[in-house]
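There are structures below to look over.
Two complexes follow with subunit A in common, the first pairing it with subunit B and the second with subunit C.
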Partner chain A sequence: MSLQDELKAQIVKRLPELDVVIGWGQGYDSLHRTPLFITSEADVDKLVFDPLCVHNLSTYLTRYGSAKRIGVVVKGCDSRSVVELLQEKLIHRDKVMVFGLPCEGVADLGKVKRALAAKDLDMGRVRAASFADGDLVVTVSGQEIRLPMAEVQADKCGRCRYHNAVIHDEFAGQPITEAAPDTYADVAAFEEQTLEERMEFWREQMERCVRCYACRNACPLCVCRDYCIGQSREPNWVSQRDGLEEKFFFQMIHATHLAGRCTECGECERACPVDIPLLLLKRKLGKEILELFDYRAGTDPDAKPPLLNFKVQEDTINERGW
Partner chain B sequence: MDALFLADDKLSAWLGELAAARRVLVPVREREAVVFRPYAAGVTPVLDRQANVPPKASVFPASEALMSFRYTKNPENLGQVAVEVHETIDAPPTVVFGGRPCDARGFLVFDRVYDTPKIQDTAYKKRRENTLFVTLACDDPQNTCFCNSIGSSPYDATGSDVLLTPVSGGYLVECASERGKELVESKLLSDGNALREEAKTVHASALSALGPAWNPSPAKAKLIEKFEDMGFWEDVSAKCISCGACTYLCPTCYCFNVTDERTGMKGERIRTWDTCMSYLFTLEASGHNPRPTKAHRLKNRVGHKFSYYPEIHGGPIACCGCGRCISLCPVSVDIREIVRLSIERPTAKPENK
Partner chain C sequence: MDKELRIVGFLCNWCSYGGADTAGVGRFVQPTDLRIIRMPCSGRIDPLFVLKTLIGGADGVLVSGCHPRDCHYAEGNYYARRRLEVLKRFLPIIGIDPGRFEYTWVSASEGQRWQHVVTSFTNQIHALGPVQRIGRQSLAKACSLGTVLEPLA
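== the complex of A and B ==
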């Protein structure tokens, strides 16, 4: 039985206990999948799982009242968000059923776009897409193009330590045994630039932010949403203007509120309609948290996130010894 | 009027000429996003794909000061405060170059609201008058484009002042309005009449690439019929994450918010884009919210575009078919599908209580 069929069978079996199961289905064209909300056996047929299932569906878990029992299909990285939500008691274990998957990596449609643009082709015109021998094969403007997955895979997948869902009630397929180390080499490389260069980089990037808050709303852990201090009118913390200050200020709010909670799933960056590399900001804080607290968010349901915890003397911070 | 020809290698010279007297906004690439930026020598416009962000801000900025104000206390009587108000309108002469027909047509939807016999939005009107559109016809539409279904086409020049069509070696340049004439008075443009036929072939092939058109007009009545059918709206909005990408990047979404921002005794009244997909959009001071869920809000976005707006304004749909709300939605909410379902799916009658 294929992994996808095994998953479908598990959902059919558990559906009677649940109000809805959230998975992925076919989107508007061959390169896009879209969140699928399964409430009947007939819906299960529409379920898809392949490297185009990019969305972290756990972002929906905090959007239902506590009366509902929700099933959610998760890849390894997505499952860490579920764990983090549990750690913070933002969801209840008995209200969530986790359908865990092993995941070899997803495509980064931004990279697909770039790879096609380099050949003077436009991702928006792809007419067919499939996977063969480790390649993403697309038909676009009358040409068949093979893009090696290694080239168009999301960066997070290349450094993934958690290919298998770290929490699950059902698990389909065979667990993957590899685990890559994450050395935060990207952050270190970025930090080799001078402060001015880095500031200039972010100035340029943030300039095109439209303050749509897709980054915030796609994030499974950014749970204030309708009550976000970036938008509240009373008090009016962040100006309504669209200058760099406001845009950057919001990203700082987002990043710092996610410190030690962010699992680096990359949904913020994926959701951004103007391709701002937001994950780099989150990764910087992730690196600091790892170095300071030896902590990786969303890996242990019983752990207390370091910034939601109080220790008189932190293990790695010399607070009183001077 | 005669058709003209612009050779590929004269493009930057022409942009240079246009930019001498005006702000010229051109689509440029920043990472994988295409956004409109002022043209300057050395800037390479991206003309082979639709911009992520439409040129909406050229006429309707994301944020603008409508007026500045200053309070002055009477030193003799501190309870007496005078206020001085200055209207601030920033409307530089502008050419939007290289937008698509849908981008320019978006403003026709604005016009019916902000420039009417009864209501004139002065800031909008001033910028509208000062902005001209040199539009590029699409030769190869994207999967999310559907202009043909809302009564337009990849070469529809309505709302544009000059229409460019890619032909071999350059562009066919055609005036599309009286005001466009001043833009094409350039020695860089030569006679293009011989290329008219080729341009027609480009137009026809772009239109056929869009596939068969579907008819959204029955949605006008059907969306009203489905107003109380919240089951339908919960179903189609399930995946929506309530961000503002669809509305902010929509060439026809025209809603705004007004905020007085004051520091000490002076401040500005600013107008900013608003989005009906946000919980805050209809949140009332009392705390009551008539559109408390994303289902209510998506109903408004689709209903407004395909039913209430055409009802109020005598027919036209408030959508230009550019497809950005589909292609740039983080979860691929597809407005075409929702409109189609609103027509096809039987309406659930509300239960009698």
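== the complex of A and C ==
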């Protein structure tokens, strides 16, 4: 039985106890998957799981209130968001059923687009997509193109420590045993630049920002919704001017509000329509919090988050006495 | 000393603000670059206050509260210490020198220590010079590109 069939069988078995199960379905073309909300057995057939299922579906968990019983299908990285939501008591364990999956990595459609563009092909003309021997095989403009997954895989998957769902009620398939160490090499490489170059980098990137807030809406831990201080008049943190300072400061709000909570699922960066590398800001905070407090968000539902905790004598904070 | 820079200080009401007052009453000579904002507690200081100040063009930000174990609200400064340390380590990624932001502890009786903190922090900021702003340089760049054009009437 394939992983996908096993998952479908598990959902069929559990569906009577649940109001809705959130999974992935076929999107508007062969390269896109879209969130699928399963309420009846007939919907289960529409379920798909493959490396094109990029969305972190735990984003939807906080939108149902506490009355509904929800099932959610998660990959390893998505499951950490579920843990983090449980830890913050934003969802209740007995109202959520987690269908865990092992995941070998998902595709980055930005990379697919660039790889096809390098061959003078247009991603919008892809007519079929499948996976064979670790390659993404696409049919585009009458040609069959093989793209090795190693080249079109999302960056976060190359350094993934949690391939298997860390929390689950049902687990389909075989757990993946190997895990890559995450050394935060990308952050270190970025920081080899001078301070001026770094700010110039953000200037160039943020120039493209259209303030669509897709980064915030895709984020599973941005739960303020209509009360987001990035859009409120009172307090008025960010004005409606479309200057770089406003655009950039919104990202500061997003990053600092995720300090010690962000599980680095990369949804902000994936959802960004203009490809701003937003995850870098969150990775930097994640790196410093790991160094200071030896803490990774979304791994233990009973842990106390480091920024809501303290020690009278901190072991790692060297107060530079003046 | 060269041209005055803009330094913003967030001081807790109970210790550091009193300490700054003590320094004033004692007529200790201090640099005048610092503008003080009084806060109820260092635990009230949202890291966004500091980021907004720095991105908005302040050349330096100083946060000062009660010494650990001496917080008026028992533990506000312990939470502040963790948050502010994370913030200080975060600043380099956005191209702001972490030396532009410091946090320290000054009690209400430590007028002399306050003078020392202000003097050394001001010197540190003057060594770094004016802050680079994300919005302004691009404006300058746009203006320099537009020099061939006639300005709008």
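The rule is simple: the second predicted complex is superposed on the first by the 315 of 322 C-alpha atoms of A that agree within 3 Å, B and C clash if a C-alpha of one lies under 4 Å from a C-alpha of the other, contacts with A are read in each partner's own complex, and residues count from 1 in each chain.
Just so we're on the same page, a contact is a pair of C-beta atoms (placed from the backbone, for glycine too) under 8 Å apart; a residue touches a chain by one contact, two chains touch by 3 or more.
From a predicted model like this one, the values you see are computed outputs, not experimental measurements.
Engineer: So, does A:Cys212 touch the first partner subunit B, the second partner subunit C, both, or neither?
Structural biologist: After superposition on chain A, A:Cys212 lies in contact with subunit B alone.
Engineer: Let me test your reading of the model: by the given contact rule, A:Phe37 touches which partner, first (subunit B), second (subunit C), both or neither?
Structural biologist: first
Engineer: Touch test for A:Ala107: subunit B only (first), subunit C only (second), both, or neither?
Structural biologist: In the superposition, A:Ala107 contacts neither subunit B nor subunit C.
Engineer: Go through the superposed model and pick first if A:Cys53 touches only subunit B, second if only subunit C, both, or neither.
Structural biologist: neither
Engineer: Contacts for A:Asp226 in the overlay, against subunit B (first) and subunit C (second): which applies, first, second, both or neither?
Structural biologist: first
Engineer: Have a look at where A:Pro306 lands relative to subunit B and subunit C in the superposition and call it first, second, both or neither.
Structural biologist: So A:Pro306 only meets subunit C here.
Engineer: Mind working out whether A:Ala259 is in touch with subunit B, subunit C, both or neither, as first, second, both or neither?
Structural biologist: second
Engineer: Per the contact definition in the header, classify A:Trp237: touching subunit B only (first), subunit C only (second), both, or neither.
Structural biologist: The answer is second: A:Trp237 touches subunit C but not subunit B.
Engineer: Just to be sure I follow: which residues of subunit A are touched by subunit B in one complex and then by subunit C in the other one?
Structural biologist: In subunit A, residues 207, 243 are touched by subunit B and also by subunit C.
Engineer: If you look only at subunit A, which of its residues touch subunit C in the complex?
Structural biologist: Residues in contact with subunit C: 187, 190-191, 195-203, 206-207, 237, 243-245, 248-249, 252-253, 255-256, 259-260, 280-281, 284-285, 288-289, 291-293, 306-312, 314, 317, 319-322.
Engineer: In the complex formed with subunit B, which residues of subunit A make contact?
Structural biologist: Where subunit A meets subunit B, its residues are 27-29, 32-35, 37, 55, 59-60, 110, 113-114, 117, 120, 122, 124-127, 141, 204-205, 207-208, 210-214, 216-218, 225-226, 231, 233, 236, 239-243, 267, 270-271, 273-277.
Engineer: List the residues on subunit C that touch subunit A in their complex, please.
Structural biologist: Within the complex, subunit C touches subunit A at residues 46-48, 51-52, 55-56, 68-69, 75, 78-79, 81-83, 85-87, 89-90, 92-97, 102, 104-105, 113, 116-117, 120-121, 132-135, 137-138.
Engineer: Okay, in this complex, where on subunit B does subunit A touch?
Structural biologist: Of all residues in subunit B, those touching subunit A are 30-33, 35, 48-50, 52-53, 61-63, 140-144, 235, 238-239, 241-245, 248-249, 257, 259, 261, 270, 272-273, 275, 278-280, 326-328, 330-334, 336-337.
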